[in-house]
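Just dropping this structure here.
Naming follows writing order (A, B, C, D, E, F, G, H, I, J, K and L), and every chain is counted from residue 1.
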Amino acid sequence: MSEHHTYKKLEIVGSSKVSIEDAVCNAIAECSKSVKNMDWFEVVETRGHIVDGKVAHFQVTLKIGFRIENS
Amino acid sequence: MSEHHTYKKLEIVGSSKVSIEDAVCNAIAECSKSVKNMDWFEVVETRGHIVDGKVAHFQVTLKIGFRIENS
Amino acid sequence: MSEHHTYKKLEIVGSSKVSIEDAVCNAIAECSKSVKNMDWFEVVETRGHIVDGKVAHFQVTLKIGFRIENS
Amino acid sequence: MSEHHTYKKLEIVGSSKVSIEDAVCNAIAECSKSVKNMDWFEVVETRGHIVDGKVAHFQVTLKIGFRIENS
Amino acid sequence: MSEHHTYKKLEIVGSSKVSIEDAVCNAIAECSKSVKNMDWFEVVETRGHIVDGKVAHFQVTLKIGFRIENS
Amino acid sequence: MSEHHTYKKLEIVGSSKVSIEDAVCNAIAECSKSVKNMDWFEVVETRGHIVDGKVAHFQVTLKIGFRIENS
Amino acid sequence: MSEHHTYKKLEIVGSSKVSIEDAVCNAIAECSKSVKNMDWFEVVETRGHIVDGKVAHFQVTLKIGFRIENS
Amino acid sequence: MSEHHTYKKLEIVGSSKVSIEDAVCNAIAECSKSVKNMDWFEVVETRGHIVDGKVAHFQVTLKIGFRIENS
Amino acid sequence: MSEHHTYKKLEIVGSSKVSIEDAVCNAIAECSKSVKNMDWFEVVETRGHIVDGKVAHFQVTLKIGFRIENS
Amino acid sequence: MSEHHTYKKLEIVGSSKVSIEDAVCNAIAECSKSVKNMDWFEVVETRGHIVDGKVAHFQVTLKIGFRIENS
Amino acid sequence: MSEHHTYKKLEIVGSSKVSIEDAVCNAIAECSKSVKNMDWFEVVETRGHIVDGKVAHFQVTLKIGFRIENS
Amino acid sequence: MSEHHTYKKLEIVGSSKVSIEDAVCNAIAECSKSVKNMDWFEVVETRGHIVDGKVAHFQVTLKIGFRIENS
């Protein structure tokens, strides 16, 4: 095993009708379909849509860090 | 109808004893009393008051974007 | 009593398996063991660990402001 | 006349199918319907919508400064 | 009385020939003509005009937070 | 159809001898060769090369957001 | 004497009814009760409270750098 | 020839009645009267004056990088 | 006279034992010895030295904008 | 050959027990296994792990720009 | 053992005549005299003194995160 | 001797095939050919060129502060 690892960061926007945490989890769940070795996330931006005077979706932009395989 | 819309952004601080999402919703509910055509929000800052060593209120500063009527 | 107060700000990272709010509360509860007169907090950063493709912990960095005694 | 003026700043989002400058001008034209004494603008953000793989609208967020009457 | 308040923030530029503090006070005095329940201000930018090699005006951009009535 | 969508953001630098808008369009056109469901862009940075005392290319860094298929 | 020094930075909020400079001085005076070898300060934020439409206090957040003894 | 070059950056504000690109070109043309070896520019700020409710000038702040001769 | 002006910005640090405003004025006075047509300044940073537990100097970093002659 | 190129930027975190430069080189070496036409990098963040009171790894986040083939 | 940890962050400035890495290590070595459980650092600022036209010291500002005991 | 000094800041980009520190030193050495009384530097940006999948040059942007003679 190498003495040092290398990580890549992706920028993803998750959304949820329920909560900020749920939007984070939705983004990570979607990302996990194609990305292995996810290690951490950083919230970059929190925003959302308003419909009929109420929050329709929370939208959370994340950076997700994952280890590059065999690095 | 015009080919392009114009939006205005307001800066509002909502508060809640319960959660960040609730503070967002309270701000939007208050804003909806006087503003129509609200379209999106952006979280600018999250902070709160501490009383007796516990969170008393979450305070969330939002920018709220709404379409200017007839624009 | 003095006509003006002085405050100090500490930077703390709280974590929680449950939610962002819970991580905030955990940081403040820990801080209250040694700090009196806490007055407000500001969220500086929200991030977290991912284990097995799921959020393991939310990690929230706060600045906590407290009044310096007798100031 | 007072020795000093006071200005207010509004945040507006203009859009255009054509160009960034046109989005700026559209925002200012819309704003001029209700605001007098506009003096300067600052571009805060430039973004846009993509439809069918092409730019559909440029969207430019401006701050517009205007002198408060009689100030 | 509601359990939570909502605040709005305005962006104002005050000016003064004398000092930064005076520019802040001028902006707030002007704002107080039309806004009630002002609660706090935040200095966003400090700049000024130079005429004949000397400061002619200090110009201070503030955000002013006020409680929305009945919120 | 899912109740919530997930988006990914790519960072692209387009260039043009003509204009900022043209650099934006070139970046999106190149990106559209391999990416579907592009939805929005955000201008991150505008710069350029100077050759013989004149602008040789405008270079515009964009973030492009697209919906992840079946999300 | 060591060939290199190490410094620590504290974050303090001073307040004053009079001026920004006075709020800086109040913060440093309070800090000097417990901290030696203070070397420099950096203004991080300037804000204040408004009472009855007038500035009640200027509040200035500082970072204060001091040399760690024997470093 | 040296193995490494050194560059200097100047901050210039160009203006134009026509467009953002034209303001960039005007700044670079003016700068080329006294500066050689200009290599790149970075847009720092875009703003402008409004007269009679219309854009009078676009004002674009640039950093211009040029190689120091014989470096 | 040209239809458009070009400005250059310099970055200067003024200091004063007395006040922030005085540090600004000292920087501009020094700058006026070699620069003509100064038009505006922007405060970039405010800091200072502490000696014997008291403010020894306020140090204010300014950008100063001046019109390039004959532009 | 096209008159304009398009570039893509990736965000990578390299690590090293030795130095910041070594962490940069490790990230680029790993990236070069799958990416061609790399042209430049930008350091976004420098941090590291501490074990037993000593630096265990430097961790450097880079953006790496590469030309899109045939663009 | 608790299900969640709490961390505190300190801001320290290390210096070195040799290198940026050495300044980091000096800061951490000094900090380790009084702080246990240090876990990570973040470089906040890199600067230095110049004497006789040469670098005399590199000065690196770090945030150091450490776990609060028994948290 | 005056009771207060005035400083000017220049923005310089140094490069090196070897290290970040060497790029800093190269910039300062070049600058010392024409500038006296250099007092401090601040690292603004660290980037570099990649050739054949390897770092060709580190490029470090500095601000260099120097005292204005007789100020």
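Quick note on the criterion: contacts are C-beta pairs under 8 Å (C-beta built on N, C-alpha and C of every residue); 3 or more make two chains touch, one makes a residue touch a chain.
In this text, all values refer to a predicted model and were calculated from it rather than measured experimentally.
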Hey, what chains does subunit E share as contacts with subunit I? G
With one step meaning two chains touch, work out the least steps from subunit F to subunit L. 2
Identify, among F-J, J-K or A-J, the interface equivalent of E-I, where equivalent means over half of the contact pairs coincide by residue number. J-K
Copies subunit F and subunit J touch via same or different residues, half shared test: different
From the C-alpha centre of subunit A to that of subunit B, how far is it in Å? 23
Nearest whole angstrom, what separates the Cα centre of subunit H from the Cα centre of subunit K? 38
Flagged in subunit F as touching 2+ other chains are 10-11, 19-20
Going by the touch rule stated at the top, which chains touch which? A-B, A-C, A-F, A-J, B-C, B-D, B-E, C-G, C-K, D-E, D-F, D-H, E-G, E-I, F-H, F-J, G-I, G-K, H-I, H-L, I-L, J-K, J-L, K-L
Under the stated contact criterion, what part of subunit F meets subunit D in this complex? 19-21, 24-25, 28-29, 32, 38-43, 64
For a test of understanding, state which residues of subunit L touch subunit I in their complex under the given definition. 3-11, 63, 65, 68, 71
Interface residues, subunit D side, partner subunit F - complex: 19-20, 45-50, 53-55, 58
Applying the document's contact rule, which stretches of subunit F touch subunit J when the two form their complex? 10-17, 23, 26-27, 30-31, 57, 61
